[in-house]
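The following pair of complexes shares a single chain, subunit A, combined with subunit B in the former and subunit C in the latter.
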Partner chain A sequence: MNLRGDWGLAKIGIKVWGAYRFEFLIALLTTPLSLIIYYYLWKSIYSYMVAEIIKGFTFESMISYYVLSMIVGFFTWTEVDKWLEQDLIHGYMIKGLLKPVSFLSWYISLEIGMNIMNILTQMIPVFIIGFLFFGLKTASPFNSIAFAASVFFSFFIYFGLTYLLGLSAFWLKRISGIRRMRRAVFGFFAGSFLPLTLFPLWAQNIFHYLPFEYMKFVPITIYLELITKQEIIKALSIQIAWIIVIYTIIHLVWKQAYKRYSSVGL
Partner chain B sequence: MPIIHVKRLKKSFKSYNREQWLFEALKSLFSIKFTINEALKGISFEVKEGEILGLIGPNGAGKSTAIKILSGLLWPDSGEATAMGMIPWQNRVKYVANIGAVFGQKTQMMWDLPPIDSFYMDKDLYSIPEPEFTQRFRKMTQMLEVEEVMKSPVRELSLGERMRCEIINALLHNPPLVFLDEPTIGLDVIAKDKLRDFIFDVNKKHKTTFIITTHDMQDIEKLCSRIIIINHGTIIYDGPLEDIKKKYLTDKHIEVKLSSKPKRFAFKGCKVLEKQEYQMKLEQDTTKKPIQQLINYLLQNFEVADITVTNPPIEEIIKKIYRE
Partner chain C sequence: MKYTKLITRCAGIWLMRDFAYKYDFFIKTLAVAVYDVLGPLIALFIYSATPGLPGWNFYQFLLFQGTLIIVFGLGRTFSASLAWWTLSAIYLGEFDQYLLKPYPTLLYLMALTVDHYGLVEVAVGTTVVTYSATQLGIPLLTISTLIYIFLIITAFFVHLGSNIIISSMGFLAVKSEALLQLYMNLMDFARYPLNVYGPGLRFFLTFLFPIAVTSFFPAQVLLKGAGIKMLAIAIIPVAIYFTISLLLWNTAMKKYRSAGG
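And now, the complex of A and B:
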């Protein structure tokens, strides 16, 4: 570990963010728009069903779910698979390979730098928008802390899986199809479009054995106090277990990818 | 003391054959044909500490592959290589902290940020102490005259400015071993000179070992004490530049501008390549008669306005060596 180096890279990530700030700020403008769509969609569903509670969600907590989904999304969002693909195709992999840091550190530290800016410019404003206009409530101190920890772990799971798929570029070169599929699968199974409790029970049982719900759905349920303290502790431990599994696989795949790098000719 | 040992290093690349026809493209979904291209066929050499070694050869000869293996970017198929006691591709992270590298065509700085940001990143990555960093940074930007572009994004720099920044980027952490892959490619004469002077200066002061690939004969003559010529993945010459010059640079090209029309003349070992009204291009075989005598002869017998003597390009020397 080279903490000073990692911080140096994170600072570069912050500066890269600055170079592309408009692109990021546009996301801040479009997010409330999709919140409005979800708001009216669910409003009509609730009034049609004449129901107070659907699968454990009141209308207010349903809207809060989407607000929190955006917030967690800003924190975990990464396009490291795109970076890997581009760097490989254009031959810029040497940039990271020539620096005295592990290949994973190079990308993860840059991403952390960029995410620090995302927290300041997107996550916090959306929190405020949520409190002011969408009836988001504050969580209890315990749940708030657990939520923060869980989102933090979510980032590493999301990043790790994306990175792992990105490494496939060493074999496949162009992975834009895989990337598109990745985004759809992650979004669906992590609960970005629908709370996972709306699915049939057998499906939910399968989800528990996949890493996806730990990237978004789990931290949201912690914040909304939909699960008990014991369940929270269990969820956090499973997140840590997934992180260990994913980064071990990354370590093994990277060894092969590094050797592979040479046989394609660059 | 040798800083690099290379023994029987081999490396081949697979390249996939793609046909231009649509039907072939469909077929390639099921079976892909590839050819194996041997980039290095078992080369061996050593490099002494503080040396400036020129690695030359035609395009696709294997120079870049050798440099990439030695900088930890590629794994060889077989053979050994150690530099500063480390195997570059085995302990990459530790190894690259001790080298610097420039690959002419690929920037290593952050494209959308000014060079200064990349330099500060290196300061953290290589843990360069503050006073050393500031001192080196000031000196290098001054010597290479890039102080003014430090704050403009890399993508807006001219090629010459970028290459000079690239060199600084590779040398800020004061590595004992530096690889430069075509550092003067596409630069104008002035920029080339600045760069060469700078490299020479660093080599003298810090005893930094440089390995340089280039197509520019001037780079080699000004910098390298020793050269290795690679062709088709094998070393065809390894030794001091002077030897090559004595042995193969026996022909000189002479361009003479005259203020009167040239008459016919005969001089031992001299061939007329081109003759115009007030101008001649000659080639002198210096093993038959030295160049000074030809110049004297010309000055005595013609009204000479201008005279320039040049060496034939490096490609011709390689051709000659290869023919033997």
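And now, the complex of A and C:
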């Protein structure tokens, strides 16, 4: 790893973000609308039942769940599979291979640069919106730090899996179907639409052995203090383990993909 | 007649382009279906953990979700890419060519942006609706079903109208992606029944941005039967909305000055 070079790439990421700042700002203004939908949905569900807690969630923590889901989503957002697909179809990949940095770290640095801007312009405003309008509470210092660390790891897991799926473009060329499937499966199993505790028990037990819940659900439960300190430490170490596994697989698949690759374009 | 030929030609070309990558075609078809099944699955999980939404039992809500999938599917097939296509054509300065075609510009653009994956959604939605209707014991060969289909077509015009409004605004105010994004997010309000929301939002979704007809009113017709008053509330706002969109389009066409190049 060459940190100076990586920071240079991250700065390019910031510039790329700058080109799309209008789109990001629109997203910031319009995505909180979905919070209004979830607010009314759960309000009517909670007012319709006798008990006040659904599978460990009170009404307030349920709404906070969706605010945090949005925040984590902003941070882990990536379209690296689309970039890989376009690089391969249009033949830009050869330019990337000529650079004196590995292809993966080129993209990671770029993405980190973009995400630094996302923290400033999306995460922080949504936090404020959450505090002001949706009753989000501050977490204890330990949980806040653990949350930040966990979201950081989530990004690497999300990015790694997306990159791994993106590599399939070496074999299939066009992967718009895989990308669509990726969004549906990741969103659903990571808990974007519904907290995973509402899923059937057998499904939850399987999820513990899959990386999906570590991309969104686990950081949120850490913030909402739904799990104990020991469990937090365990969750963070599992996240690190997944990162090691995923990036080892990427390394192996990349070798095969590179062997297969014959350039188009330049 | 000339026009149906145009649509089938366009759809055929898209289909052939997709067949160039066969695996991608199959995976994408599957992915569209999977995406649609998520809504009913979420409904199932919500209903198994809670008593659910007030006034809706599980199969009624499933029927609601199925209706939504059908309408979104129709919208996707015939109108969803219209705004996006027009906006990028304006931006790149490629729009002039569409004015030269021997078809009305709007109809030509609609034919050009047919998205056959929407038909997968229509199929999934129809399956969900038929399944939940049989579970509820609702006979499907009645007048209500005809009204239901009529309302679904009405609902399609909300989505078409929205796309026309966004495209027209693209001519009048060039950067109109904001509206497109807003529309996508507002569309999600149709995912849950109208009685979930507060009175202000209910008014907005029925009369100003009449998206309630996308799912709420058709489902009501099948479940509770149709009344004249309810049909009027469902149809008249859509008629007004769609007329406004066409007027806007005509204004935009008059004001259009070519850009880009």
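Criterion: the second predicted complex is superposed on the first by the 262 of 266 C-alpha atoms of A that agree within 3 Å, B and C clash if a C-alpha of one lies under 4 Å from a C-alpha of the other, contacts with A are read in each partner's own complex, and residues count from 1 in each chain.
Simple rule for what comes next: a contact is a pair of C-beta atoms (placed from the backbone, for glycine too) under 8 Å apart; a residue touches a chain by one contact, two chains touch by 3 or more.
Computed from a prediction, not measured in an experiment: that's the story for all the values here.
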Side-by-side fit of subunit B and subunit C on subunit A, or clash: fit
Which of subunit B and subunit C A:33 touches, first, second, both or neither: second
Touched partner set for A:91, first subunit B, second subunit C, both or neither: first
Partner chain(s) touched by A:99 [first = subunit B, second = subunit C, both, neither]: first
Superposition-derived angle with apex at the Cα centre of subunit A and sides reaching subunit B and subunit C, degrees in steps of 10: 90
Which of subunit B and subunit C A:259 touches, first, second, both or neither: first
More subunit A residues in contact - subunit B or subunit C: C
Which superposed partner A:15 touches (first subunit B, second subunit C, both, neither): first
Touching partner for A:194 - first (subunit B), second (subunit C), both, neither: second
Distance of closest approach, subunit C and subunit B, by C-alpha atoms in Å: 6
Contact set on subunit A toward subunit B in their complex: 2, 4-5, 7-9, 11-12, 15-16, 19-20, 91-92, 94-95, 97-102, 258-259, 261-265
Complex interface listing, subunit B residues touching subunit A: 11, 13-15, 37, 71-76, 89, 92-94, 96-97, 99, 101, 103, 106-108, 110, 112-113, 117-118, 120-127, 153
Residue ranges of subunit A in contact with subunit C within the complex: 22-23, 26-27, 29-31, 33-34, 36-37, 40-41, 43-45, 47-49, 54-55, 172-178, 180-181, 184-185, 188, 193-194, 198-200
Subunit A-touching residues of subunit C, taken from the complex the two chains share: 20-21, 23-32, 34-35, 38, 41-42, 45-46, 48-54, 175, 177-178, 181-182, 184-186, 188-189, 191-192, 195-198, 201
